[in-house]
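Note that the chains take the letters A, B, C and D in the order they are written out, and that residue 1 is the start of every chain.
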């Protein structure tokens, strides 16, 4: 039976109030004003449940399955799960029962039947080294698989820092020649959901947006949903006031650490990291790294792995003194050489001195 | 190059290059200047308490009698921006961390809001000093490209640092990178412009004090 | 061999040293030195900014002694110093600089601008860009013996006058005397009372003293023009005279530059320390006063003020003595604003008074002295430098101010009782 | 309101120490002014509004301070919907403290709502219609 989404939910035991509460929380997580939560609830409740659930194809490339873990573990049977229920996940290696040829067939069937309409989710980076031989599925390199699957996709979600920016595989010296999805696909809308792993609700938020409004949320210059990545961890951090007051933890077990002061000195990358951890938190809203006393690693930013030590404060440079010492030697040597040249010139001028007589005052 | 790569470059390679040029330049220039030497003063010295190179190094920081009234902008503006710069550079927590990381030395920081205020006051003082340079016939007459250039070099780190902390104009990451880049430019040009007075001022004052101290004149 | 740009450049290469290099690198173009220079404050023309007077030397320094300057010259970014340029700078380096040292006293980075000007003058004179007036003075000093052309017979005539008028013998070439007294030709011609005053003071103090027939002239035009070689010729005369007569102390007369040239520069141009002491007459009087060898009676009752000669006070460190001496004989002694260490120059020091074409500028700059005087309105103006005295008199006359100028030594001598002088003999 | 829902624990070194040592950032008092303004707007135009407490840099101590300062009024409602939600009117009528917990008991979102009655408490006409249908069914069962 077809009807508004709210009816579908009601049949599954979800009341209108539960749904309103969920939307309020989702709006809060998406950093939308509280009024947007009500608007979303009204729009979604009224929206007709799709005749056919939108197809989602999820391809894993050079990845660690952490992103999948993050998504699947985040929601116990809850509203978020119901949002997932509103889609048809047609291919997901880790989750699907099918394997081998069956799985391949499911993939191709889904691609064929939903051509131009399906949502393609990618996690993991794409290795270009050795003609892509570093990572293959069913004899196909990730590059080929991506190009093929991207052709019929309505949009692509690059899930996790590897798919979005290349992530850890791309870290210096990048042995596999890993690149991000957006490095390869140029003609499809791409939503980057970086993070190592990304926050699950970002995924459901994007899906909710897709289901509610039939469109993708607003993205920033790096292709990330503005709602979640619009501000830095530092801006939304509950420890921010201590930064402003100049109160810092200096070690992980000092007075400042116990008082919950700012972790900037301990290497927190919050000021340069755009993500929603500070508001959405992790593990069902239990906590998040800074709340548990550890600085942000900056995992949702490009090349976070090569951004200097995790425990080095942002204002600390890599190590300029090593080169500086060499420069000092060169500078001193140059200085000494110049000194000799100058003194030579000066004493030459002196030895060429001709005593001035009265006649010498006139031209 | 994305924001983070830009920041990583300025914090890494860029800073390496800047610090190297700075260190190299400072040593080279110091040798170049002070190796020229000075003839011993053969006149019989006259000792007067307070007349020495060391005394003058400190005493010259105090304006001579009546001079503040003659050029108030130079003195008040000059003091404000020099002291302000010192406070912002040496008493802002992230800066102390940098120094600590490089040298192992650290000291207490001032609250960020106070630093913020000092930065604004310092920038205001620099703008006033610049206006004075444009308005006063003597200063305008003496000014060369180097004067406008070094003013900009000094002002940019303040401005970009402030904008970064205030989250204005550009994303923090880009602003922070620009801030570090502007400091690197300052470091690179310091040994080769009039900014080098930061080093030679001590030598100059010492020579002045020494030469006049020999005559028993406390300058 | 005559003056040439090459020679000037070579001399500059020789005299540019670490202090000068440090000073040029420290200058931040703040322009505060202008506020201290009477040629700027009275004309308002920024070209008189002290540090600007050194611009050609700064470029030469950079081109010769810095790597970047050399490169700049090579690629044509930095223009070489030319004869025309130096000629244009003549006015700035000589006419409008009295080596008064106020700029050095205020420079916030501690640049000794006077020190640099004296070195720049070495190059200016060697390249033939010294003013005719000072060249003439040097010529007369070297060939005749004094910048005003005074010869020994004129001195002897003065000696005779004083001996007749005061009945005190003036010793000449007395070997083994404690003090050898120097004169400036201005004193010989314009202020003969000075010699009488010395005689009276020495008599009262019971000190032996002498004039020297081969070295009576203290002024050193070679120092003013900035030529060490010629300055050496003149200093050597005094050194030879003093060593021949085996005196303990040579007294520099009431002339600022004579004092600087002999006391601070003498040993350096000669190349060895002196075997005798050099003192300014005011220092000697101050010592006598402290030791009780100077007794005066009576007081001047009119309103007096004191003009500190730059070379004595700011450049020579003698500031308290003249005030103690003033108070010894004056009831109504008032100080001008900025008196003492920061006193304003008369406008004619450092050889400037010998430059005819600089007179107009000098008189313009005198407005500073005028304002100082207007602030205290003295009846008479006392000083301790014959050159200041002449320049002051010219200025006062020009601005129609009726303020007589007197020498401090003479004024002190006037208060020495004749009896005491005779008894003490 | 279970305080242990807030996982971070700030140790108070002493009762008399400065506000900052108790974990107060100084951001909470400012909120009172905003709430007052919103309440004024509610009276003037009837427009309801809300403040997302999770979107502001507030420390747990700040929230405690705010909660204590606003106090508890007469009305308190509890909603059981995938975790407990509490809607408590503060001593200022029209100012509601709304906390949504998830099924794990952790705080999912927290708001201050300035409204006569929170929207969540009101029954939706569609639901009321279903209720009416149910009532009619009950009545028909009577006969």
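Here is the rule we go by: a residue touches a chain if its C-beta (ideal position, glycine included) is under 8 Å from a C-beta of that chain, and two chains touch if they have at least 3 such contacts.
Worth saying up front: this structure is predicted, and the values here are computed from it rather than measured.
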item	value
Interface with more contacting C-beta pairs, comparing A-B to A-C	A-B
Identity of the chain that, by mean CA position, is farthest from chain B	D
Chain centroid nearest the full-protein CA centroid	B
Between chain B and chain A, distance of the C-alpha-averaged centres to the nearest whole Å	39
CA centroid of chain B to CA centroid of chain D, Å	54
Chain centre separation in whole Å, for chain C relative to chain A (CA means)	77
Geometric centre distance via CA averages, chain D-chain C, whole Å	88
Chain A: positions in contact with at least two other chains	235, 245, 334, 338, 342, 346
Sites on chain C at which at least two other chains make contact	16, 65, 67
Per-residue multi-chain contacts in chain D, two or more chains	none
Topology of the chain contact graph, where touching chains are joined (line, ring, star, complete, other)	other
Pairwise chain contacts, counting only pairs that touch as defined	A-B, A-C, A-D, B-C
For the chain A and chain B complex, residues of the former touching the latter	222, 232, 234-235, 243-246, 248, 264-265, 271-272, 298, 301-304, 306-308, 312-328, 330-332, 334-336, 338-339, 342-343, 346
Partner chain A, residues of chain D touching it in the complex	7-8, 10-11, 13, 20-21, 23, 25-27, 49-52, 54-55, 57-60, 79, 81-82, 85, 100, 102-104, 106-109, 111, 113, 119-120, 124, 126-127
Footprint of chain C on chain B - complex, ascending	28-29, 32-39, 41-44, 46, 48, 51, 56-57, 60-61, 63-67, 70-71, 74, 78, 136-144, 147, 192, 194, 196-197, 200-201, 203-209, 211-212, 214-217, 219
Chain A partner contacts - residues on chain C that touch it in the complex	1-4, 7, 10-11, 13-14, 16, 64-65, 67, 125-126, 128, 130, 135, 138-139, 142-143, 225, 227, 229-230
Touching residues on chain A, where the partner in the complex is chain C	334, 338, 342, 345-346, 349-350, 352-363
